[in-house]
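So that you can tell them apart, the chains are marked A, B, C, D, E and F in the order they are listed, and the count of residues begins at 1 in each.
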Amino acid sequence: MITIITLGTNLGAKKRDDGRAFDELRPLKIEAGVLERADGSAYLEFGGNKVLVAVYGPRESHIRRFQRPDRAYIKCRYNMAPFSVDDRKRPGPDRRSIEISKITAEALQPAIILEKFPRSVIDIYIEVLEAEGGTRCAGITAASVALADAGVPMKDMVVACAAGKVNDEVVLDLSEAEDKDGQADVPVAILPRSGEITLLQSDGNLTPDEFEKALDLAVKGCMEISDIQKEALKNRYGE
Amino acid sequence: MNVIPEITRKSITNLINNMERADGRALDEYREISVETGVISKAEGSARVKIGNTQILVGTKPQIGTPFEDTPNVGVLMTNSELLPMAAPNFEPGPPDERSVELARVADRCVRESEMVDLEKLCIIEGKKVWMVFIDLHILDYDGNLFDAAVLGIVAALLDTKIPQATVEDDEIIINREIMEPLPIRDKALMNTFVKIGDQIVLDPNLEEEEILSARLSIGITASGKICAMQKGGDDPFTKEEIMKAVKIAEGKTKDLMKYLENPTTP
Amino acid sequence: MITIITLGTNLGAKKRDDGRAFDELRPLKIEAGVLERADGSAYLEFGGNKVLVAVYGPRESHIRRFQRPDRAYIKCRYNMAPFSVDDRKRPGPDRRSIEISKITAEALQPAIILEKFPRSVIDIYIEVLEAEGGTRCAGITAASVALADAGVPMKDMVVACAAGKVNDEVVLDLSEAEDKDGQADVPVAILPRSGEITLLQSDGNLTPDEFEKALDLAVKGCMEISDIQKEALKNRYGE
Amino acid sequence: MNVIPEITRKSITNLINNMERADGRALDEYREISVETGVISKAEGSARVKIGNTQILVGTKPQIGTPFEDTPNVGVLMTNSELLPMAAPNFEPGPPDERSVELARVADRCVRESEMVDLEKLCIIEGKKVWMVFIDLHILDYDGNLFDAAVLGIVAALLDTKIPQATVEDDEIIINREIMEPLPIRDKALMNTFVKIGDQIVLDPNLEEEEILSARLSIGITASGKICAMQKGGDDPFTKEEIMKAVKIAEGKTKDLMKYLENPTTP
Amino acid sequence: MITIITLGTNLGAKKRDDGRAFDELRPLKIEAGVLERADGSAYLEFGGNKVLVAVYGPRESHIRRFQRPDRAYIKCRYNMAPFSVDDRKRPGPDRRSIEISKITAEALQPAIILEKFPRSVIDIYIEVLEAEGGTRCAGITAASVALADAGVPMKDMVVACAAGKVNDEVVLDLSEAEDKDGQADVPVAILPRSGEITLLQSDGNLTPDEFEKALDLAVKGCMEISDIQKEALKNRYGE
Amino acid sequence: MNVIPEITRKSITNLINNMERADGRALDEYREISVETGVISKAEGSARVKIGNTQILVGTKPQIGTPFEDTPNVGVLMTNSELLPMAAPNFEPGPPDERSVELARVADRCVRESEMVDLEKLCIIEGKKVWMVFIDLHILDYDGNLFDAAVLGIVAALLDTKIPQATVEDDEIIINREIMEPLPIRDKALMNTFVKIGDQIVLDPNLEEEEILSARLSIGITASGKICAMQKGGDDPFTKEEIMKAVKIAEGKTKDLMKYLENPTTP
């Protein structure tokens, strides 16, 4: 298990409410292989977020709806524990988790070599055990590590991070408080080798210039997190 | 799951790589668009929108409800969408599936984040009673690009919406349906959807194009030029350049689209 | 598209609240072929009612419950849009729509030559976009036009209309206000060629004589509407 | 879906075309009927009805609830039906299917439109609190003709129902279970169900007859001779003459059926 | 149909609220073969409890989840009628009925010769028509009779009865009032021939000694009820 | 349904008949146990429990709610359980199935009947407002014996739970999150689960053992030595002697288990 606190580069600049620099990530730690039964798993803490991911598969699917003749099908379930938020969340999927499950599958898919496993399914189960802003990105980042831990062949390891606008400033990795009071949130996932973007949402108000700045900042954050993903795997499997 | 023959896929892709489309449009051109409002008398606001053969009916219904605890003085917009089984041979009856949920949530964010409706003016008694405006998307005919049609329909329906006067006397709310007032409108936003086919970025995909897209990007832009919503979909990635090019095109196209809101047909 | 206002025959008689004679229909217009994707479709306005119907099939059914070895299976879904009524209706089927879906399928079935399409299903989707009394009859009438538009082979074109009792008078085609304050409502569907009755309900209080009068009046209304159905098809397909 | 052998279908149809039935009944004759009331002590009203081997248990439960907005001074009857999986080999557990919904709704309309219960007397505080009487149909054994058995059972159970005295003092409702009062009854209605088999109209179909019917007609008639409900079912049409003939028979049969309500057995 | 009132053996002892001795059952009657359509059925009244049970099968199962290659599958549904309790129960399964259905199937299973009917299912439908304490035991006892009435081959006829602790005394067969105010309830089902225990729950507070006493008492109650089960079958089928 | 090969079944059974287990444990020995509390900051109480590779996370959330009508001055514990699809290859997403319902109900009864929490002290306004403590079991990794892990986790989480001070002024409830108070704890109970394999009774079954068990018995015992819950499962019967032997062992094992509650790890 490794922990890193990114110090950021504009140390002299104005700080945020939690003391971070505008381009500074929250403390992050990732551990691979934390569950016994799952084929692959990962545990991630990112600021106050705690996320656990299990991967099963590639395995045979007996449901026709989830079979593709030429490739594997990615099934993703993003779920929040009832006790993960201030007011207890009722168990079971809601509209928010249905949408996040869908875009998480789409974000991870471009990295996975699906053609190797026709008619099979890869199940990705993301459990948010505690939520403090940025859980969808945390889930994607952890899921990549769990996929690698499960031995699923991938071209690259998808990594996700958000940038946004708070107090008229473009900042990296919004905390829960910043997300709530902020002006915009832009979650991004990338394939770090090519820099291509596999998840992109924007929620709030941004000029096109601000949007570009946020996108660039999020990509930069992704690259930093990517190193920690790799460390987590090295930590488990050696170099 | 719709399966499009490999030969059709190739011919559409080849055309687009040559900057052409099967229906003769330019890559950044919308299909024919029509907007009618006031089409449902029992709805406080309504609009029927067509983009090509895609057809959506939107109705609004204001109800008095309780505000959320963390926003006690703010009204609520609630967007629901039904991909009716009538709209396509493979749509099934039942609760909204993930496509329908995504459509409703993205359209809802686009409208909400544009701050189009001044929701504070929909507060009746702080912390107790506010107007909740239910926005129902009824997808009648599906020929691609539901996102842009949905947002266009919602915005047209909200502009058409009248809510009854609500006054408070002795802690009682008096609803006067004789006096119907328009919603407090501040801004407007519309959405532009691009898809990647072959090497190109193409605006307003029809159904055939949607079925072979490799990636999708929907961009919501306000009349005042702000990006208020964005949603990527599809199985393949975008490069940053492709995204910024789409943003550029969207800025112009939104202004064109706004014109359809100015003089909607009334039945 | 054609519009007709039936003037009724007892013009000298007492009028109803909306000015109609006792045997007078509300204004009616029907248009065939209004949707692109559906195999057949029709749009109907009848007084304040607005109804849209789509037909898919006959097509293969992959659900065994809907397969009959010797004939096609009619599946009907009557649905009200949330904004079609004064107080928003929650989406999804309720008990009323389940019953109406069932009797609508039974009302239409006798006209359709089912034996031609063993193991297949014909889906009829009725959407009430705006409701003002008499939607089940409007749905059946429009569905027949949509079935014809889809090229489904039929012996006849079912048509429906209600009669009822309001202020102690037997009247044709109750409006929403009349239905609410009225004493009885008798929706009827017929095969116009034979005059046989494929839908019959009665709700309220009628003497047997009044019932017979209402039934006769409803059949008369059906015959008038039948002409408009045929016009709608002529309008689309020519003579 | 039950499938009856073609040879059975033919033999039943031939018999009926010769004005005979397999169980020896006349075409317009009911099977043996029994009505017991007061069978469930914890229900405020109950009845067990048998028509031949068809067996239904009906229980009523009054609860205090809020009236509908458009009828603020009127109590409510709520009818639910469960086709229990115990009642037939092909009934499945789960939420009520369309047959069960139709049964409950038709029986409910028959009882409601007969104005049997004076619902205005079930109002406790106008616009605020009324008695809601839940009527639950528990179908125990299914051998055809659920409609007539259901209405007979509901009417018997309502006649058996006692509700506690409810008085209002200082805007509080006081329920006194020591004083149980019968429901305010004004009229009664029962239902007669006919099916078309071959060329004939046949009363009270048993299961075998139901499985080969071409059309079904249920007619609700009040003690005072009014038609209060009617429901056609089945895949084939009726002629007007067939309908009027059934109405005629039903007028007489209802009077006979009413006698079963007079002295129900009590366990 | 036979009725029996067990008089108990400690007649001189302190009585309970309803006048019963500590080891006395409530009046019980069982009737076999009460339904026409079911393959087997039984009706039971036990104190104020009224329970009806129908059995279908062994019959072919078309649902793979309920198929076992080497034996029959027992499906049990315990259901309370809406009018069976003081406050109307909403129709449909709740958590309590799901648990009781599961343990009832497990309680009955050891008696049934399942190997005779591979791939088939035996459906047991228990309807509580009126509830007055002890319905799960009443359901098991009645279900055995219904299984026998259906001709399902069994090694023995499972029988159930509860004991418990009320006012610091260990007593047999708690009534509804005793269950509510009591300190513990121990429902037990046995195979009467071997005395082996197929259902055992305990809810409340008991010392190990009290528990053993309650268990013994419940087994004793089961043996008495077992005789009435057999009488019910004799009554229907003769000796 | 998991299927274990016949040969594995036989080898495990033979070992156990010789008083041995595949993982080297004695028949009445638990696997390694760990208890961590305070693991979820947003939960008012939480615990992560491992028994061998079985891993459960329990979180508690107090909410103010209305008491049940028949217990107007008593707070409420609500136990829910989710067998997460992440925990085993054959667990499906969806509403709790019968195993999950049984687990939650047995664990709930064990804790409730032990009278561990003084629920009367959770009453805020009699008949109107009480604390309802939601206890959510999140099953993360399933290697057998969920019952014992669940009860251990719930008890640890309840011991860890702090609820905000709630005072009543002028019929209004004032919640002060600055003052967090522990739950009023009176006793404690833990559960011991035995399974019958071959001729023996075995404590704390792992997954492989669970899959070949013929019968299961879970016994809840309080710190004060009372039996507060018992639940038999499985397809085969127990003799009375087997049951009383299990009770005997459980009395001793409960005392050992209680030690894990004394000094739980905190992250």
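Operating definition for what follows: a contact is a pair of C-beta atoms (placed from the backbone, for glycine too) under 8 Å apart; a residue touches a chain by one contact, two chains touch by 3 or more.
For clarity, every value in this text was computed on a predicted model and none was experimentally measured.
Chain C and chain D have CA centres that are 27 Å apart.
Remark: chain B and chain D have CA centroids separated by 48 Å (rounded to whole angstrom).
Per-chain CA centroids place chain C at a distance of 53 Å from chain E. Each chain gets a centre from the mean of its Cα atoms; for chain B and chain E, those two points are 59 Å apart. Across the assembly, chain C contributes no residue in contact with two or more other chains.
Listed for chain B are no residues, as none touches two or more other chains.
With chains as nodes and touching pairs as edges, the resulting graph is a single ring in which every chain has exactly two contacts. The ring of touching chains, read from chain C in the direction of chain D, comes out as C, D, E, F, A, B.
By the touch criterion stated above, chain C contacts chain D in their complex at residues 95-96, 98-99, 101-103, 106, 109-110, 184, 186, 190-191, 194-208, 211-212, 215-216, 219. By the touch criterion stated above, chain B contacts chain A in their complex at residues 1, 96, 98, 101-102, 104-105, 109, 113-115, 217, 222, 225-240, 243-244, 247-248, 251. Residues 35-38, 41, 48, 50, 52-54, 56, 59, 77, 79, 81-88, 91-93, 123, 125, 127, 129-132 of chain A are the ones touching chain F in the complex.
Within the complex formed with chain A, the residues of chain F that make contact are 40-43, 46, 53, 55, 57, 59-61, 63, 80, 82, 84-89, 93, 95, 134, 136, 138, 140-143.
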